[in-house]
Every structure is written in structure tokens, then in C-alpha cells.
Amino acid sequence: MTMSNLGIVKRAIERANRAAVDQLSRYGVATVHEAMGRVGLMKPWMRPIYPGARLTGTAVTVLLQPGDNWMLHVAAEQLKDGDVVIAACTSDSDDGFFGELLATSFRARGGRGVVIDGGARDVAELTKMQFPVFSRAVSAKGTVKATLGSVNVPVVCAGALVHPGDVVVADDDGVVVVPAAIAQQVADAAEVRENNEADKRAKLASGVLGLDMYGMREPLAKAGLRYVD
Amino acid sequence: MTMSNLGIVKRAIERANRAAVDQLSRYGVATVHEAMGRVGLMKPWMRPIYPGARLTGTAVTVLLQPGDNWMLHVAAEQLKDGDVVIAACTSDSDDGFFGELLATSFRARGGRGVVIDGGARDVAELTKMQFPVFSRAVSAKGTVKATLGSVNVPVVCAGALVHPGDVVVADDDGVVVVPAAIAQQVADAAEVRENNEADKRAKLASGVLGLDMYGMREPLAKAGLRYVD
Amino acid sequence: MTMSNLGIVKRAIERANRAAVDQLSRYGVATVHEAMGRVGLMKPWMRPIYPGARLTGTAVTVLLQPGDNWMLHVAAEQLKDGDVVIAACTSDSDDGFFGELLATSFRARGGRGVVIDGGARDVAELTKMQFPVFSRAVSAKGTVKATLGSVNVPVVCAGALVHPGDVVVADDDGVVVVPAAIAQQVADAAEVRENNEADKRAKLASGVLGLDMYGMREPLAKAGLRYVD
Amino acid sequence: MTMSNLGIVKRAIERANRAAVDQLSRYGVATVHEAMGRVGLMKPWMRPIYPGARLTGTAVTVLLQPGDNWMLHVAAEQLKDGDVVIAACTSDSDDGFFGELLATSFRARGGRGVVIDGGARDVAELTKMQFPVFSRAVSAKGTVKATLGSVNVPVVCAGALVHPGDVVVADDDGVVVVPAAIAQQVADAAEVRENNEADKRAKLASGVLGLDMYGMREPLAKAGLRYVD
Amino acid sequence: MTMSNLGIVKRAIERANRAAVDQLSRYGVATVHEAMGRVGLMKPWMRPIYPGARLTGTAVTVLLQPGDNWMLHVAAEQLKDGDVVIAACTSDSDDGFFGELLATSFRARGGRGVVIDGGARDVAELTKMQFPVFSRAVSAKGTVKATLGSVNVPVVCAGALVHPGDVVVADDDGVVVVPAAIAQQVADAAEVRENNEADKRAKLASGVLGLDMYGMREPLAKAGLRYVD
Amino acid sequence: MTMSNLGIVKRAIERANRAAVDQLSRYGVATVHEAMGRVGLMKPWMRPIYPGARLTGTAVTVLLQPGDNWMLHVAAEQLKDGDVVIAACTSDSDDGFFGELLATSFRARGGRGVVIDGGARDVAELTKMQFPVFSRAVSAKGTVKATLGSVNVPVVCAGALVHPGDVVVADDDGVVVVPAAIAQQVADAAEVRENNEADKRAKLASGVLGLDMYGMREPLAKAGLRYVD
């Protein structure tokens, strides 16, 4: 069906600038999300399979069918050094689409990690490999290889639109997607923000109140806040 | 609107007796909950953001609006040494209301931790700080500062009624609220219970059955339990 | 009521062959589940209460009533060395049916761990004991001892049918049930599978693609996959 | 246990003024909730068991144990004409605590309906009776009568604090609780609001924009809204 | 894989006695569930796709794969007059496995309705046909025909074990499964129960309290219930 | 923040061809979704607020902030005859963003209905108006007007990407989005499909099996399906 994005592998994708990716890898998801103007975040049901997992890279996108991981094998061939596999599914499925063998293959091809709006398995092995995976579920349930999806088409993954080549940043706080075209701009904004925070942190640590540091007392009073005893 | 609890900061609150709080800090949530007669527990969706987080203190309550953390900044000023911020929201929201900067500020003002029926972020930093947070979600999604809620009004947080000054005890098993007026009484009951348990534990470890230790055989038979081969 | 399975304790149960259990204990849940032909898995909401928990043993089944853990005490007496308590509930309940004292008793009677489609508590203590528990929830909420359920009747636990004596294997990936009658057969199939995987892993690690190793290129083309630039 | 609210039936409760209740029965839940300043609403998981169910009355509160409806029978005796039974549970349970026989009894005693943060059953019969029930679930699962809860103690029901005698208003939009002490005040505010709305409705129906009617253009511009082509 | 139940169609199944099925069709799910001793109920997430749907028949069971409805087509051939298709899935999937065309086929083959622990679609058409369907979800998402499941093997559907030939009773209150072997016995017990209820209903309608009718006052007092003013 | 899509109202949008929209309005969501190649469907949590609600039109998109419906008022001005408001939110919120007054305004401006990944209220009034609304929740909880979102930017609504001007089709089966550029093509494919179905329906109604009509027997046998007695 030509109208649909299914059954397609796009080989030539434009990846975000490597320097921007490297710079973004220095900031946390919360900082990057703020730097982008609070857009691009995946739903909070996406969690790391082990605490402390952390991941930044360029997206190779995958559209899966429920209970079917065929396209992850197709995606492996499209990986370049520094890529991250971002897998969405045509409908919600907690099955264990991804595990240790695929991780071994992805890593061998330059893949840095996986973000999948579905289930992952082999948590113990993936933890030992320190291969970062962010998923909606953990499940030992295996999948078939029977129905076509796509690779490197735009996908909606856990509520966020991802184009192939976009930058994906993931840590304990969640997963954020930075469009390739503004990666450097966001990285710079994140840096500014980070520098700013050091200053604020020091003030707050010394006992200064946010009420004063951010000048909130007047707008609060204007909004009608009343102090009572 | 005078009927509503919104837009108010109560400064003078009566905190539970410090000695009772200290005593309660020695017991787990399950013990305290039992000692109170099995009431006062928050819903099990409230989880520590890192394993092993543990928290006891007096409640400074906050009523938030969805996607808005203004009142947490207002609450910082009301904190005294040994307080815990208990934040409810007027409707369910997983946004990241609370993070490292606020934690820095709360700690500087004597705050021991946070219980929030909403989202938290900066999990890695909060873990490094060992600042205990119990929340319904983790999310990098930032919040605005636009709409009034309240500080130190009674709130329903994750299904539990909390008055400012109540004792809050939280650990890996959940979060329990002890009304200030019965804090000492509950602490004493918890102590009795804890002492009792050591004894039971030793018996059970030696192979004695609960069936015998608790005298259950007769009531089970009376209820009609049948043993078959 | 004779039609119902409630109010019964079956003492004489046939446990799976010990050698098969021992052999199964060497494989992960994902491997065992694949070896069985992808059946017998519990729902992915069953999670270990601490990371790395791992458990293999023969099932002593329990049918609980919501908010009531009486039958767990009855089950303790039926435990033999190498058993695992598998507890289902007549309706969903997150209450803390199981905690440290019962764990102490179960361990003293030979029990290796617990799988409960309900809540557990005393997470800190159970972690210290390294007593593996897989549950649908963690909750400090205590339970009563008032209504009969059953012990060693067939139960549906988290979507999986479990007969007393079946083998239960649980790890970070979930919980799978192996019927006693095919335990050895499954163990052997798991071994074959495991051996196979080492080979595949090596190939994938060297950069060979699953597309080639599994011979997927032809079926993909036949299904209509199109590569575009 | 004297600290706990369990095991108590309070007979003498102060009900909200009947005239205020009657007046409140003329307004929808959304109007009443707004009139109160946007507090007092139960969680949106509370739904009518049939479309169009509608209910206003004074609360007789019940605290249930999971899977146990004993206290609903105790509550029947405490009902007076115009009362509504508001049932909370010590932990979440979808069991069918309430059905046609209890409805028959409640109605015979003057009860107007039920709000239960648990399950209801006999939906077909209750619909035929036009007995309004708002619940978190529908389930045929029966309950036992074995463990004490309480009647006419303050309860947290679906996230809202309810005192015996408070006014409860429920319709297709949800359930709101009006404290007895401010029932008349809220009823009057609801009336003002309702009158106001007729006017607004007419203007909007004629094509006037909310942007103009509410004077939003300036604050939007000030907040930075940009119109682009 | 011979260990697994997948890839099998059992043609010769023993259906419950027709007279017992007819008798059971006169009672509601709640009554049948009580008559069986409170077992055999599916999870409350199973809901009719239109209010008032009602269904009794003998089970033809189906085990589906997620996102794949191939086996429903296989099941059509196995239907006999008075059968109901009970479809489970190897993992949770809300896809629209079942719709109007299959309903047309099932009805032509004698099928009375469908119970599916998955999604259904064509709700408007199925309602017009008055073809009763009970499902976990409604979804327009289509499914593929690519992977084998089974027909007429025992399945766990929405938490209930179903053998082919068992009686399934479904109405607005949920879905209950009666093993074929005890269908007559349960039907008789349901009749007794129903007759009993008429009597109780009349008493309660006249104002008699359950407290008195069921003789609860003494056990309540013994359990420690206290009346206070 | 120029990187973000927040704070923008796009006035000039290209709507899908009216004839294509009219043609699409004759088909159900399931048919349109199939005709598109099974993409573009919103998540199944999107439900009509009254049974039988049905809606086809061109999208005016809105990006809301949680608990804030300011942008819906902004959107009213952008409506043209035949439009549908598609509202997404920067994070999940069940608040009652939309109700009768806004419906009155939208209808006066040519709006046909609303699809909102949030809560709606005034269900009784909207039903009386027969104003079709599809939402993730029903809630009486009111919202503020304090923080900017956007109008007519691309949004992800309930998992589906929507551009302003796209066609939205909604009925009891869910909500599907047809990109404006392929609206006519999809409408034609839907027509073909619909015509095809009449034929299939007649055959199935006469007792022909899908197994034969679709030629499934051979592929089933090849996949290894075994019939046993």
C-alpha cells in the first residue's frame, strides 16, 4: 500500500552533527528538555532497565508490529557508529522484542543503545554488558518474525515524534528527542542553562530562597496569596 | 474564594513532638502502620526514587496545581529543621515538579525529604545527594509557576489525609502518616510491636509454625478447612 | 461448597523431578520460556522486589482471598525443601500479604522464595535476607486472617496456570511455569538452546548480521520489503 | 485499637441543611465544583454504572475492608431519608461489594444512592430500579462479612475527604463533596454561576468569541502569543 | 514444538449438557458465580461492547498471538449451534481482532457471541446485529494472519481457566466460566439461590435490616463493633 | 524560545479537500484505517463521551498545557466550517478542559466536534447538544488560563501525529487521522474496501468459511497447523 509507511527501509538518512551530539551527551534529559522549550519528551512510562543507564546518539528509527521483532534485525544493518535504535510499535505491546543477542549485534555495528516503546528481556545480561535500554516494560515473552514494519521512517515513540537522524538523550529521568536541525542550538542552550544552574545551586545551598532569587514575592501577592497564622 | 483552601499559606503550624518523631524514625513503615491499627497509609503507587531511601519528619503540606510547582518555592520558606514536604495536587499529574535545585534549597532550610503525589526529576543528582524522595512518577517534564495552590492546609496525598505537623514515615514499603496528636502513642505501640517481633522471628526461624504460634488450627478447622491427600 | 476449590489443603502433591529442577535453575526465564514453545509465562506486572532476585523450585500453590493472608500460614506446613510458594488471589489486591516473618518461617521449612500476584512488604529486610520475592506490588498494608482459601489446588497466578509440584523459574525477566510432567524435556530443550546461543552470540559480536545468520533476506523480500534512499 | 478509626459506628451525625441539599440538587457536578473553588472532587475513575445516573444527598460514610461488605449492612440501619452511602476501602478492591439486595434495603430506609470506591454488581437490576451508583469498577465478585470497618467516620473516598453529613453531588461528570458547613454558601454560589452561564452561552452561540467576552487578547499578547501565517 | 499447545486444532470436544446450559442462561453472572462458590470469574476489565449484552453458551476456545487473528478464522469451522468463542492471547494486546465480518460468519455457523481478552471493532455494526461481545478493549486496529495459535486447547482468558466445552455466562456484571462437568449442579444451585433471593428482597424492601435478617448483630458485637454517639 | 512550538498561532493552514472529507465521512474508522494501510490510529483510550458519537472534519490542532485550557479559546477564532478541534497536551492530564460553553462557541464558528487527549465535562449537556467529543477521560475538574500552548502546529495526539488541515474520522471504534495530501486517495481506497466487504459479508452469512473464502487452508497447513480429535 503506497499510502502507508509500512514495508520501507530508508538507507540514506541525515544524522545530526556529531559535535552537537557529543555536546548534548554532557547534559541530563531534564536540562535538554528545558533548553528545547519543554517539548520532545517521551512519556514517563519509558524507564531504564537498570538504574544509571545513560544514552546519547543519533536515531535509527524502527516501526514494529505487535509481538514481532523482524524489523530490529533489519535495522541492525542500517546502524552506524554512534546510532541509537528507537523502536515504536503500531499498537501497544509489552512483549520482549529486544534482548542480549540483538544488543550484541547492535553493539558490533556501532549501536550505543535502544529506546523501545515495548518490552525488553535479558535484563541481567544487558546490565552486565552495560548496554543501555529504555523500555515501557520488561518481559521474557519472545516475538515472531512474520510481518513487515519499517526502518528509518518518522515514528511516534512513546508520544514523541522521532525522525531518523534526530538526537536522542536518555537517562534516569526519561528520554528526550532533539530534531537534528536544531541539535547544536539546543546543545548551546543546554550549556547556558547548566552554567546558570551552578550559580543558583550555590545560592540555594547557602539558604537563599527561590522566592527571592526568582523574584516571586510580588507576582505571588498579585495573584492573591495570603499568609495566615 | 473563601470557601476554598486555595491561595493560603499557613505559617504557624503545630509540629508533632520531636521525641516521638525520633522514636518513630527507628521503625519501618509496615510496623508503624500496624501500630496505628492499619490506617494512614498512602497508595502503593508512591515509590522511592532510589532503593533504600528512608525518611521520617514533620509534614509541611503543599497543594499544587497540575503542571505547576510554584507552591514548592513558597513552601521552602516555611520549612524548619526536621520537616518533610508533603505535596498533593488538585488533579493527577506526573510532571517533574521537584528536582535537584529545590532539594538543595529544602535541605539548606532543614528539610529532610519530599513526598509528592506527582513526578520528580534529577534522579541521578538526588541519589548522589541521598535526598529521599517518594513520588508517583519520575519525569523530566518541567513545570510552570502561574497558579496558586496552598501551603500548610490539610491535603489528601495519594489517598491519605495529612495535616501540617503530622509525622510522615517513608521507606521501601511505602509512606504512612501519623497524626501529630497520637505520634507518641503510635511510637510506643510500634516499639512494643517491634520487640514482640524479635521473639516471633526466633521461633519461626527454628521451624515453629505460625499455625501453632498464633493458635490458628482451631479457628481454621472451625471455618471448615479440610486436609485431603 | 463441594463445587469450589476453596477451603482445601492438599497434602500429597507430586513434585517435579529434582534433577530437572536443578537443571532448569541454570537457565534464565527467557530461555526456559522459549524452550517450552513460548507458553507458561506470567504477566509482566510480576517484578522482583530487589534487582537480581532469582528463583527456581517446585510450586506449593496458594489461593488467597483479597486482604487476607491466612492461607500463607497454612502453606508453611506443606513446604518441603526446594519448594516455592506461588500465591494467587480470588481478586486483584495489592495488600502486603507477605513479609519478613513469613519469609523466616518459609525458609526454615525449606522454602526458597515466593511468587505472589499481590503485594509484599518488608522489602529492606527481605533484601537483606536475600529471600527472592516476585510480586505485583509492594505495600505496607497488613492483612487479616479471617476467610478460607486453599493450598495446593491448581491456581491461575498472574495469567499462568500453576499446578502444585510444577517448576517455577523467576528472574529479572519475569516468571515462567513449567508443568512437572515436562520439566526434564524443557530442561533439555533449554540446554540445547543455550548452547546454540553461544554460537550465535559470537557471530553477532563479530559483526555478522542476523539478516544473514538467520537467512532473513529472502523472506523479507518476498514479504515486499523495499529499500529506498 | 483506640488510635484507629476501625470498629466504630457513629450514630449521631449532623447532616447538611436540607434546603441547601435541595438547592444543590439542581446543579451539575462541574458547576458545584467550580462554585466551591475547584476542590472536593473525587478522582475521575468514579463512573456511573448507567448513563444519566444522578444523585444528591447527605453522606453516611462507610470504611470497608477489601473484599468485605459487612459494614454496608451496618450502614443500612444508620440511613435517614435523603442519605447517600459513601463507601471507601482501606485498600483498592474492585470486588462487587454492592448490588441489588443492598440497594433494595437502602432504598427502603430512605437511601438515595451509593458512591463506592470499589466494585458494584447487578448492573442490569440497579438500572431497572434506577438506583444511582457511582463506582470505580463493575464486578460480579462477591464479598465476605468477616472484618470490621467503620460507619460515619471521616473517610478519604477516591481522593476526596468526606465527613458524615456532607453533601454529595454526582452525575455523568463525576462526584463532588460539599462540606456540610458551607453547603448553603456553595449552593448560592452555584446559583450565581448558573445564572451567569446562561448569558455567556447566548453570546457564544451568537458567535462572540471567548477571547473577546473574557478579555483574553491582552493577557495572551503579554504572555507572548504570536500569530503567524 | 510438542511441549507447547500452539499449532493445534482439537475437533472433538465434549460440550456441557444442553439442558444445563439453557438453565444457566436464566441466571445472571453474579448469581452463577455465587452458586459456584465464588470461583471462575474473569477479571473485571472484560466489558460488554454495548450495554445490556448478554450471553450463555458452550466454549470453543482460541489462543491468539498478539496482533494476529488467524485462529479466529480457524475457529469458525469448529463452531456448533450454541457455541461461544472464548479467545485468549499469548500476551496482552488491545488490537481489534474481531469485528462484523467474523461475527457474521460465527452467527452463520451457530455461534452466539464472543468473549475476547483483546480488542474488538465495528462496535456500531455489532450493536445493530445485537451480537454480544465482551472484550478488554475497543480498537479499530486491524490484525494480520501470520502466526499459529490454537483452537480448543485449555486457555487462561482474563484470569479464568477455560476448557473447550465449558459453559460461559456473560452479562453487564462480567463473565463467568462453569466447567462442563458441574454445569447441571451449578445451574441447580443457582436456581436455589435465585429463589432464595426473592424472599430476601421482599423482606429488605419492607424495611427489615440485613443486620436482623442475616443475624449479624451478635457476630458484629463479638468482633468488637462499638456504637457511639 | 524560538526552538519550541509553544506560543504560536498559525492562521493560514491548508485544509484537506472538502470533497474528500465528505467522502471519508461515509466510512467507519476501521475501514479508513485499513484503507490507509493500518497507520494513523489514535490509542484506544480515546473514547466517545456518548455511544454513537461520530465525527469527520478537518483538524485545527491545539497544544495545551496540563490543567490549562487557554488555547482552546484561542482556537475558536481559527475555526472554519467543517473543522474539528484536535487537542493534545504537553503531558497527560485528565482535567475537564472542554465543556458545554466551548462547544457552543465552537459550533457557532463552524466546528463539528472535538478530539482531546485530556478530559471533557458537561457530558449530559454535550449529549443533549449531540456535539461529538472523543476524549481520554471525563472529569468535572476545571482548568486555568495561564500558560501558552499553540494552535495549528503539528501535534502528537494520543499517539498519532496530526498536522493542521488533516482529516480526522472518529466513531465508536476510535479516532484515525488522514494526512490532507492523501485524503482523496484514502477515501477512494475506503470505497473500494467497503464495496468489497458487502460481497464478503453475504458469503460469510451464507455459511461460507473465511478459511475457504480467503484461501487460508494451504498457508495454515504449511505453517504446521495440526487437526487432532
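So that you can tell them apart, the chains are marked A, B, C, D, E and F in the order they are listed, and the count of residues begins at 1 in each.
Assume contacts are C-beta pairs under 8 Å (C-beta built on N, C-alpha and C of every residue); 3 or more make two chains touch, one makes a residue touch a chain.
Everything quoted here is computed from the prediction, not taken from an experiment.
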Note: chains that touch chain C and chain D both are B, E
Between E-F and B-F, more contacting C-beta pairs sit at E-F
When contact pairs are matched by residue number, over half of those of A-E recur among D-F, C-D or B-D in C-D
Per the C-alpha means, the centres of chain B and chain E lie apart by a whole-Å value of 41
Per the C-alpha centroid definition, the whole-Å distance linking chain A and chain F comes out as 27
Touching two or more other chains in chain E are residues 38, 41, 51, 90-92, 94, 139, 141, 147
All chain pairs satisfying the touch rule are A-B, A-C, A-E, A-F, B-C, B-D, B-F, C-D, C-E, D-E, D-F, E-F
Touching chain A in the complex, chain B uses residues 7-12, 50-51, 70, 73-74, 76-77, 94, 96, 99-102, 104-105, 107-109, 119, 121-125, 127, 137-142, 145, 147-148
Interface with chain B, chain A side, in the complex: residues 28-30, 33-34, 38, 41, 44, 47, 51-52, 171-174, 176, 197, 200-201, 204-207, 209-211, 214, 216, 219-220, 223-229
Chain F contacts chain A in the complex at 1, 3-6, 35-39, 41, 43, 90-92, 154, 156, 159-161, 182, 185-186, 189
Seen from chain D, its contact residues with chain C in the complex are 65-68, 90-95, 139, 141, 144, 146-147
